[in-house]
Each structure stands twice: as C-alpha cells, then as structure tokens.
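Two complexes, one shared chain (subunit A), two partners (subunit B, subunit C).
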Partner chain A sequence: MEFTIISPRTRSELLDVIRKEKNFRFGAGCTDLLMELKKKPHANLTVINLSQIKDVQFSGFKKSAKGLRFGAMFTAHKILMNEEIRNNYTALHESAFNLASTQIRQVATVGGNLCTASPSGDIACALVALDATCELLSTSGKSRNVIISDFFTGVRKTALKKNEVLYGISVPSKSKDTKDVFSNFIKVGTRRSMECSVVSLAYHIQVNKFGEIIKAGIAIGASAPTVRFADSACKYLIGKKYKSISEKEKEEFAKKVLSYASPITDIRATAWYRKEVLFNISKSIFH
Partner chain B sequence: MKKIKYNKEILHDISFFLNEKKVSCQIKASTILLDLIRDVFELKGTKPGCHEGECGACTVLVDGAPVNSCLFLAINANGKKITTIEGLINTDGSLHPIQETLVEKGAVQCGFCTSGMAMSIKAMLNQYENAQHVPGDIIQDLPTREEIKKYLEGNLCRCTGYTKIIDAAEELFKQG
Partner chain C sequence: MAKKLKVIGTPVPKQDANIRVTGKAVYGHDITLPNMLHGAILRTEHPSAIIQSIDLSEAKKLPGVVCIITADDVDVNNIGYKRDHPILKKGEANCTRDEIAAVAAETKEIAKQALELIKVKYKVRKGIYDANDALKDSAPQINKFISGKFENKNIAETFHYEHGNLEEAKKNSAHIVSRRFTLPRMTHACMATSNVTASFNKVDKKLLMYSSTQVPFLYQRDMAHALKMSPSDIRVIQPIIGGGFGSKLDIHPFEPICALLSMKTGRPVQILFSREEEFIASPIRQPMVIDLTAGVDKKGNFTFREINILKDNGAYTSWGATTPFVIMQSFSSLYKLKACKFNATAVYTNNVFAGSFRGYGNPQATFALERVIDLLADKIGMDKAEIRLLNANEKGEVTGQGLHFDTCGHKECLETVIKKSNYNKKVIAKQDARFKKGIGLASMLHVGGGAKIYRSDGCGTTLKIDPYGYCTIISGSNEIGQGSETVLAMMAAEELGIDLKKIKVINTDTDVKPWDVGVHASRTSFVAGNSLLGAIKILKEKLSKKASELMNSSHSEFDYENGQIVSVKSKDSIALDKVVREMHFSEPNELAIASFFYEPSSKFQDKNFKGNVSGSYAFASQAIEVEVDTYTGNVKVLDIYVAQDVGKVLNPLLLGGQIEGGLLQGVGYALTEELLMHEGKILNPNFHNYKMLTASDIPDIHFFPIETNDKEGPYGAKGVGEAPLIPTAAAIANAVCNALGVEFVELPLTPERVLKAISLSKINNNHHNLISL
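Here is the complex of A and B:
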C-alpha cells in the first residue's frame, strides 16, 4: 500500500489541494479507504487527509430552529453521544448505534458514510429517511445544496464533482403541528456487530395532536443500487392514524415500500430473502 | 509537520505522546499506527490480528478513545496521546487493576485478544467516568451486562466465550 498524503489544516488549504491534485481520494475516518487500498493498490494516488482540518463547520454540530447541521467530519461516535439526536432523531441515533463497532465509530464520519455511497450505508439510510440536505463546497468557495436522495447516483457513486467536497449535512426539524415522532432504524444482518446490512429500513414519522400522520420519511438500504426514499409509501401514510393502521393498510404500505427494492443475490442473502424481510419489517413499524 | 524528501520517498516528521512519553519519528505517508507501535517503538503488546478492523486485537487509545490501530494512519497520531497496553502497567511494574481482574476472573486463555480487550475496557471505564453513561438508553450508575457487551463488540475472542471477560468488566465497574 503506497500513496502520497497531504494534510490541509484549513478550509482554504483544502480547496487549494483539491484544485491542484489530479488523482486523489479523500481520507476522513479512513476505515473504508485503507481497507480498499490494502486490497487494491492505486498507482500515484494522493490521499487528502481531512482529519487535521480545524474548522468547526466541517466537524462540529449546531442546532437551530430550522433543524440540525453537522459537519461532514462529525463522527458516528459523536452522533451516538448527542442528546438532541438521541431524543428527537432516533433513526439517526440508532443507525450510528448499529454501525460497525465501538472502535470504528470513534473515527468513522458521517461524510465518509455518505461519500462511500454503499447501498447498505447505515447513517446514509437514516439521513435519507430524515430528508437531509448535503452541502457541497466547490473550489470556487461557493457551495450548493443537494437533497440527499439525489446525492446518491449509483453503487459507490455520488453527485460530487471533481472540484467539490461534502462539507456538511442538515436535517430539518419537525413540522410545527407535530406532536409525536415515531422514528427508528431497523437493521437486519447475520450478526449484531461489524455487520453490513442484509436489509435495512429507516423511518421517521410525524403525527399531529389527533394522531394523524402529517409527514413520513421511509428509506430502505441494501435493497437497490442506492439507499432509496420510498416516496409513494410515505405519501400513502399521510392522513392515516399511526396507532390504528389496519392489517390491510400495513400490507398495502409494505407493498409500496417493496416497489422501491430491486435487490441482488450475493454472499449475504438472496434477492428473494431480502424482499421477504423488507416486506415484513415494513409492516412491523406500526405499534 | 515538516516534509523531507528521502530516497525519492517523502517522509513525514511526527511527534506524539506514547504512553505519556513524548516521541518523534519519521514515517511514510502510508504507515499504519499498528506497525509504528510494534516495529519502530517495539511495543509488541498491541497485537496484529485481522488487519481489517474486525477483531480489535490491535486496539489502542488515541486521546482516550479506543481505535483499531490497524486502520489508523500514523500521520494522524501527530500531536495526540497514544496509550498501548504497555502504558497501562503501573510505574512499579505491577499489573493494572484491569489486567489483574482479567486474570482473577479467568478471562485469559490464549491471550491474543487480551491486550485489545483490556484497552477497550479501559476506554469504557474512562467514558463512564466522564459521561456517567454509555451508548444505549438509560443513564444509570453501573452499565448493564448488555451495555458492556455492546461496548466490547469490536473485540473478538475465540477462546473464552466472553462470559468471563464480561464478568471481569462488570467487576471493575463495581470496584469503581
């Protein structure tokens, strides 16, 4: 494993490096990157080491009336320990809780999980359900916002251009009429730790004081080339009472979720199994 | 951090605290912390297991947090405090309470995972002292066995069946 490394210290140094380097990869927590480079060395590769950038917008957390905003370098461990996320964005908390292991969570970042763009990314799945927005910073110093479901364009492919870096992620706060939020992340795998999902599902459902669903976010992982937002399934729920959804409605809902799945058969599970599990866990989200 | 060219290869100067002692060295860009600890500083207590972040035998503390040293770039150790199993031993050479408890509870068989386990337990004790709770849900005085299991999820042991290791960790929390 050979590469050159550059460790920018500030945002402007980072943008300079991106401008100058041709054949580079970003290294955030490096847990995926090092594994990849150990297995498949790249010639003349430069790793842009993001760990030493001192920039609170790139690694910090901020809560406002609009919602949450955290930097791309915010770690899975920090998500897990964050009280606001634990209390109000359970799907995100649980996705970090289920990610890899204690050791990996210390260094693994939100930005890394998103930019790896694995169909089974745990944090990615939760953030899709939460309707997050990605802030992409370009070498011109300007940034653009991309809705997270548009950020993923294929297996390990994102909307990031060569001259851009994922800078931060924002998650909207609940609607003003929201009384309760039902939010969770369900991960199905063959073991509980260090597991790449066989199927995953994140939901974040907001209900008003009458118990009616006013906003729903459902995302599925490891079921398609990208994490997908199950839009028609979300729309189907609007206006229904969360606590009194009938068996028939649950099935109808699960069918709609399943329509977004086009899973593959691989070493971890068959496509058939993935669909069955996805159907069943979709039905199970109503209490 | 200075960069110097040496034999066509760029070397990076780094300095950090290794078991509370300030050390400096020159490393290649791709040097992994595990190799630096074992091969340059010759501290062989940190074990190379899977080299892919699965087994946790190579766990060390970086500024108190447990990381897999096999997936940690040595360059990012610059300016940090690194603690290995050798740093756990008391100054008079006697075993740290974590090590003693692991021995007492019969939590060591082949011993390959033990240094990594001890470092993870150390990190959990640290975190508990600082935050009074661990990832999970309810904040309580002592972590449950489930919480201990969850914290040690990144450390594999193929001999003991984990029960005695978790017993040892539980005992350490009771001792406070």
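Here is the complex of A and C:
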C-alpha cells in the first residue's frame, strides 16, 4: 500500500488541491480507505487528507430552527456525545453507537460513512431515514444541495462529481405539529462491536398530539445496492395511530418495507436471512 | 497441620504485566539482528494443481533480492508428525497454504514485490474437499508420502478403542439415541502473528532460531531432522510469545524455510506473517463429523457409547491428527460408563490441515456427548441435571480406559452450577414471544497433570540463589502468556521466604534450560511446579545445614521467611543471603544451587489406549443462560456459571484470567467463529468476517473454583488452562435448544442457522426437528 498524501489546512487550499490532482481519493477518518487500499492498491494514488483542515463548517455542529447542520468531518464520536442528537434524533445517535468500536468512532466521520456509499453504512442509513440533505462544495467555491437518497447512486457510488467534496449535512427539525418522535436504529449482525450490518433499519416517526403519524422516515441498510428510503412504507403509516397499529397492519407495513429489499447472498448472510430478518424487525418497531 | 500459605493462593499480578502493557516486551516481531534480511513465501494459487514450471528470472533481477529458493534448491526431510509434509512443494500443490518458493531480500517490501515477479505455471486439478470423497476408490492419492499402512490410500491415521461388553450394554438400554454432529474449523487468531528469525553462522555451522514455539526441545529435534543437522547445533530462543493456544505445537514450513534462507545467505533472516497469511497458513481446530450412539437404562444410568469419527485431516498430518487420544477419554470416561466403542479416522483432503488447539479435540467430543445426554434425559423423561448427577464421576473411580480419579470434583462442580445458576427454575421458565431464554448444562473431563504422550512428560529445574539473596529459577518449561512464570516465582517465594521481586525465571533458551516436553495439555504449573518444588527441597537441605552450622546449633528444622532462615525451635535467625555467601566463600566452598527432574506418575497407554495417562484429572461443569432473539436468530449469552475442579487455587487472579479467556474462546466456538472454505480456499481470512467476539460481547461470568487437593499436584493443584473452553459450546447449544425446543447438531450457532431452525420448526410445527444446514 503506497500513496502520496497531501494535507490541506484551509478550505481554499483544499479546493486548490482538488483542482490540481488527477488521481486522488479523499481520506477523512481513513477507517475504510486504508482497508480498501490494502486489499486493492491503486498506482500513483494521492490521498487528500481532510483531517487537518481548520474549518468549523467542515467539522462543526450547529443547531437552528430549521434543524441540525454538521460538517462532513463531524466524527461518529461527536455524534454519540451530542445531546441534541441523542434527545431528538435517536436514530442517528444509535447508528453512531452501533458503529465499529470506541477507538474507530474517534476518527470515523459522517462524511466518510456517506462517501464510502456502502449499502451497509450505519450513519448513512439513519440519515436517509431522517431525510437529510447533503451539501456538495465544488472547486468553483459554490455548493449545491442533494437529498440524501439521491446522493447514493449505486454500490460505492455517489452523486459527487470529480470537482466536488461533501461539505456538510443538514437534518430537518421536527414538524410543527409533532408532539412525539419515535426514532431508532436497529442493527443486525453477529457481534455487538466491530460489526458490519447484515441488515439494518432506521426509523424516525413523528406523531401529533392525537397520536397520529404525520411524518415517517424508514430506511433500510445492507438489503439493496444502496441504503434505501422505504417511501411506500412511510406513506402507509401516515394517519395511523402509532401505538395502536394492529398485527395485520404491522405485517402489511413490513411487506412494504421488504419490497425495497433486493439483498444478495454473501459470506455474511444469505438473501433469505436478510429478507426474513428485515421483515421481522420491521414489524418490531411499534410498541 | 499444614503450614499456612502466605503467597500461594493470593492474587499476585502477572509478573510480566508491566512490560507487556507498556510496550516494552520484546516479541518476535521486535527482533532485529545486524545485517538481517526479510523473508517472504510464495504460496500456491490453487489448492490442487500440478506445478508445471517456476520461473524466478524476473524476481532474481529485482534489486535488493538476495536469495530465492524452491524445492529444487534444498536438501531437506519432510516435517510433521507423520513426516508427510514437504517444506517446499515440488511438482504439485495439495493445499491452499502450499509453499512454492521463498525469497530473502533487503526489505520486506522488496521481498513481497519479488513474490509477484515469480511466474508459476499450474495445471489445475479437481481437488477433493470432502473426507467422504477422499475415501472413494476413484479418488486419487492426495499425500504421496504415507506408507500405505491403512486399507485406504487417503487414510492418514486411525484410532480404535473399546471397553466393556457393548452388545450386552445395548440390550440393557431402555433408550438409545443416535446423532451425527458436524464441527467447524476454528482458528487460534493469536494476537501476535506467526514469526521466526533464523541466524545461521557459516563459520561454526550453528543455527540460532528465535521462535515462538511451545515445545522448544521437540522443535529443536524436528528442525534438526528437517534440515539434516544435529539437534544440539540448533539453539532455540523464545522471545515473548503473543499467544499460543496449541498453534505452536507443530513446526510449520515457514520455520525451516527461514532457516534455509539464512543458511543459503549466511545472514539472519526474519519471516513475519501478515494477518491474512496468519488466517490462511496457521493451523486450525480439527473439523470432524461425529456419529454418536448412546444408551441409558430405565433408571437413568448410562449404558454404552458407540462413536465413529471422520476427521478432515487436510493435505498433511500434524499433531492435530492425534486429538482422538483426548476425544476418546471424554467418550470413555466422562460420567460413569459400562461400555464404549470408539473409532476415529483422519482422512487426507485438499483442505487446510488442522493442528492442535486448546482442548485438543475435547470441545468437539464434549459438544456431541453433552447434547446426546440432554436427548437421553428427554427420552426417559428425566431431569437433565438429575441424569448428570446420577452418572457423575466419583473419587476413587478407575474408568474403563484405566484413568484413575484419585480426586474428583465432578459432582461438586455439577451441584455448584445447578444451584448457583438456579438451573431447576430457569429450565422450565415461561417464555416471552420474541426473546426466548434458555439454560444448558455441560461438564468436561480433561488431563490435569500432564499427559504422557511422549517418552517423558517431565520437566527439569535448576535453582540458584546468589550471594545477594536473589533467586533464579531455570525452568525447562516456558511461558506463552498463561502465567506460569508468575506461579513458579510464587512457589519459590512461598518456600524460600524470598521477596517476589528478587526472583527471576529463566526459561527461554535451549542451550541453558533443562529438558521439558513443552507447553501443552494444561501441564506447566503442575509439572514445572512439581519440578521446582523438588529443586527447592534439595536446596533448602543445603541451606538449612549451613544455617545450622553458622548458628552453632543442632537444629535441623527451619522456617524460611522475609529473607531469613529461622530456627523453628529457638526462633534464632540468620539472613538467607549471608548463608549463601558463607556457602560460596568459605570452605568447603559450595554453590547454593540445586537441580531436580520431575516425571509425573502417569503411564504411557498401551496399544489399546488403556492406562493412566495423566498425573491427575480436571473436571468442570458449566451452566449457561442464553436469550435467543427469534426475530434475528441472535443468541445472547447472559450468564455463565462455571465450577471447575482446579485441585487448589494457586493464584486467583491468573486463574480467573484463564477461566475468562477460555470461556470466551468457547463462546466463539459455540456462536460465531468459523473459518469458511470453498473448494479448498479460505473465504474469510480477516477479522472482519472471521467473527471473534469483542469486549462488548462478554457475558457475566460467575466462577466457583472447587478445591479437591490432589496429592500429586503442587499444593494440590491441577492443570486449568484448557478446561474452561471445553464444555462451553455444549452448554450453550443445550441452552439454545432449551430456549427454542429445536435441536442443533452443528456449530457454530450463527444467527442464520438459528433463524433457519426456528423457521423450519414453524413450518413443520414440530418441536424436535433435526436441523442441519
């Protein structure tokens, strides 16, 4: 594994480097990148090390009336420690909690988890359920917003162009009529740490003062080429009372979630297992 | 009355803990010798192929490459327990690990690069990856080095054992259960990857090996045979070893290869495995299929067991092939048994070969046996705890195989875990719809006082005290992380009244230390401990005699405490170091030194495998509670209750470490760890997909040592190292079966296997399905 490493210090230095370099990869926490390069070395590769950039928008966190915004370099550890996220965006908190291990969470970033574009990305799954938006900064200095489910275009493929870098992520706040939020991330794997999801499901369900579901975000991981937003399953829930959903409705809901799954059989599990479990855990999200 | 112990039985921290946690410990990877080269090994691309040609020309041209060898360049003997394993392979490859060529270069990077430049032409063959296929007449002979001692060309080894009248025992059985069990490949995954540094001196023709072997004297002998040298011209030094667990009982091809590279170049050479290489090319726990038929009479007494085992030997034979020695002990002698017939066959295939692994076949045997005991209990409608208590081994029992249980904590172990775990209540507890709890029991029997499988199961010790009152223990037996150095130092501190800080243990150099057969069979504290106590006794006689002279007394009884030799009668005392100085420096000028060789009372078994093979026997029982998520198939181990007959607790801290470490290996064996193979290739050679458990998976462990004070053991102690993992998978499987009412005959109980079993049981609406996936 050999590569050249460049460590820009500012946003403008970063944009300069992106403009100049031809054959490069971004390195944020490098927790996935190093494993990938070890397995499949790239010739003449430059790694643009993002971790030295001093830019609060790139690595910091901000809360506003519209919701949350954090930089792409915000770490899994920082998500885990953030009270606002823990209290109001439990799915995101839990996704970080279930990610790898304490040591890896110190360096692993949100941006890295998204840009790796693995179908089993845990933070990615939570952010899809939360209806997040990705902010892509181009070398021209301009940025554009992409809805997160459009950000993932295939296995390890994103909407990022060659001259762009993922700069930040915004998550909308709850609707004004929302009284309660039921939010969680369910990770299924063999062990409790250092595990890559075999199946995952994130949900973020908002109910009004009558207990009726007014907004729902359901995302599934490790079940299709990308993390997927289960739109019809979300729509199915609208208007139903979260706490009195019948067994039949749970099954119907789970079937709708399952319709988004097209899992593969690989060394970690068969497609049969993934579907079976996805169906079961989909049913389990109602109390 | 026995003297009150001051050091033995106390929680003394591991003596090398500080250097390990501060990174100051020198492992094999840390060794650098002047002018040292770096070796790398080219392995076959195909598990079964004809090697048509090897072209080294491009690789040799690479600057920095010093030497490349293939089978054609060396004059060596085969290695392995059956001498059926060529160090470098010639003409054909039979296993994915096969070493085709080796490079020595100025840097690791160059060595690796050179491997990529070696061009090998293969003619790929259809390999044999199933032991049953290897036994077919049409199968080609896989290993060409065996003598053809057996009826089938692909049989590597067979074992037959029996006692009692099997047919009569069958007639007397009220119920008989037969099952086939399938056991997976598990790998040691030692924290330190395999490593060796060889330095051949071309002037005096002597070879120095820095090796992580567990058996330095056998290593010396085997290496000498392989390299056609005299054993004593090979000096083996063991650096700190980052994990053994049995994996370093055999010599492996990379070790003589490293020596050969050094012999060719006249420079030191080091070979370090990458983690991937470690997964691919280090030995594994034997995969096997066990057919077990067992009976019980109407009162619940076990009547007979009939066992047929087919072991996938892989392409070469290692010590792993001899695990039936241990396996048959559990089948013949765990719980009282009237009749037993045992057959085991190891068959060559093109799969990776197995080695020895903590437990040495016993986790496999115990899984099958303890599962069948649950089934027998169900058959006769008897409680699963009660049937075990009824049949438990007893003190004074001589088993059908001739094992003498002079002490036996089996029943007490069972009673302890049954009571402490609240087994009787939990086993019939009501179940939640999704999360189902279950509890399972299992026991185990293992050697606890060494195992006489070599001509000597002994250990030598040389003990000296210097004029400053410091003690050096030169022990034949070494440390692989199990804490034996600490235990030996504690014994010397106890007996000689010397502060632990003043005791050194020297045990890493074959040129210095006396004979010992090696670290295996849970033997070190027992055998090396007894050896040390023998040396201490001799030295104390010398010291006491001198002390008596110096005190001008006729007293011959002394206590050794706080660096003083104290007369029991008069309470007069004299400093130990002063006595040593007087011994050394005044006439008749005698050294404060003593040597002792301890050989356990155990016997070599006869050709029918009968005889008292160990100095003592360890017993343990575990009760394990699990919770199964029926939505995902995940098994969560909640609590492990373990009671183990340890003879005597020498150090509760280190004992606890052995128990916890062993249990976690056992939980991994039960639930997650499996080296997956397809047509001879390993599919998961990394920690990502080989699922070792992590700190967050550790259940609550409740450990209850049972002290039976075996007269053969040092202070009454028995071997403890392997026992904790042996019954774990069996108890977990019994617990999962208890939770779900579904049967399992295969390990590990992965979430997928469990979910499949649940889903099949729903389809068939039958609570006793036999599930094999």
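In this section, the second predicted complex is superposed on the first by the 287 of 287 C-alpha atoms of A that agree within 3 Å, B and C clash if a C-alpha of one lies under 4 Å from a C-alpha of the other, contacts with A are read in each partner's own complex, and residues count from 1 in each chain.
In this section, contacts are C-beta pairs under 8 Å (C-beta built on N, C-alpha and C of every residue); 3 or more make two chains touch, one makes a residue touch a chain.
Remember, predicted model here, so these are calculated numbers, not experimental data.
Once the two complexes are overlaid on the shared chain, A:Ile281 sits against subunit C while remaining clear of subunit B. When the two structures are aligned on the shared chain, A:Val110 is found in touch with neither subunit B nor subunit C. Of the two partner chains, neither subunit B nor subunit C is touched by A:Ala124. Of the two partner chains placed by the overlay, neither subunit B nor subunit C lies in contact with A:Ala132. The wider contact with subunit A, measured as residues touched, comes from B rather than the other of subunit B and subunit C.
In the superposed model, A:Ser101 makes contact with both subunit B and subunit C. In the superposed model, A:Ser193 lies in contact with both subunit B and subunit C. In the superposition on chain A, contact is made by A:Gln52 with subunit B only, not with subunit C. In the superposition on chain A, the residues of subunit A contacted by subunit B and by subunit C overlap at 35, 101, 192-194.
Put simply, subunit B touches subunit A in their complex at residues 1, 10, 12, 28-30, 32, 51-54, 56, 59, 62, 65-68, 71-73, 75-76, 78, 120, 123, 131, 135, 150-154.
Interface residues of subunit A facing subunit B in the complex, by the touch rule stated above, are 1-5, 7, 27, 30-31, 34-35, 37-38, 47, 49, 51-52, 77, 80-81, 97, 100-104, 106-107, 192-194. Of all residues in subunit A, only 35, 101, 188, 190-194, 196, 198, 267-270, 273, 276-277, 280-281, 283-284 touch subunit C in the complex they form. The part of subunit C that touches subunit A in the complex is made up of residues 434, 631-634, 671-672, 676, 683-684, 687-689, 691, 693-697, 750-752, 755-756, 759.
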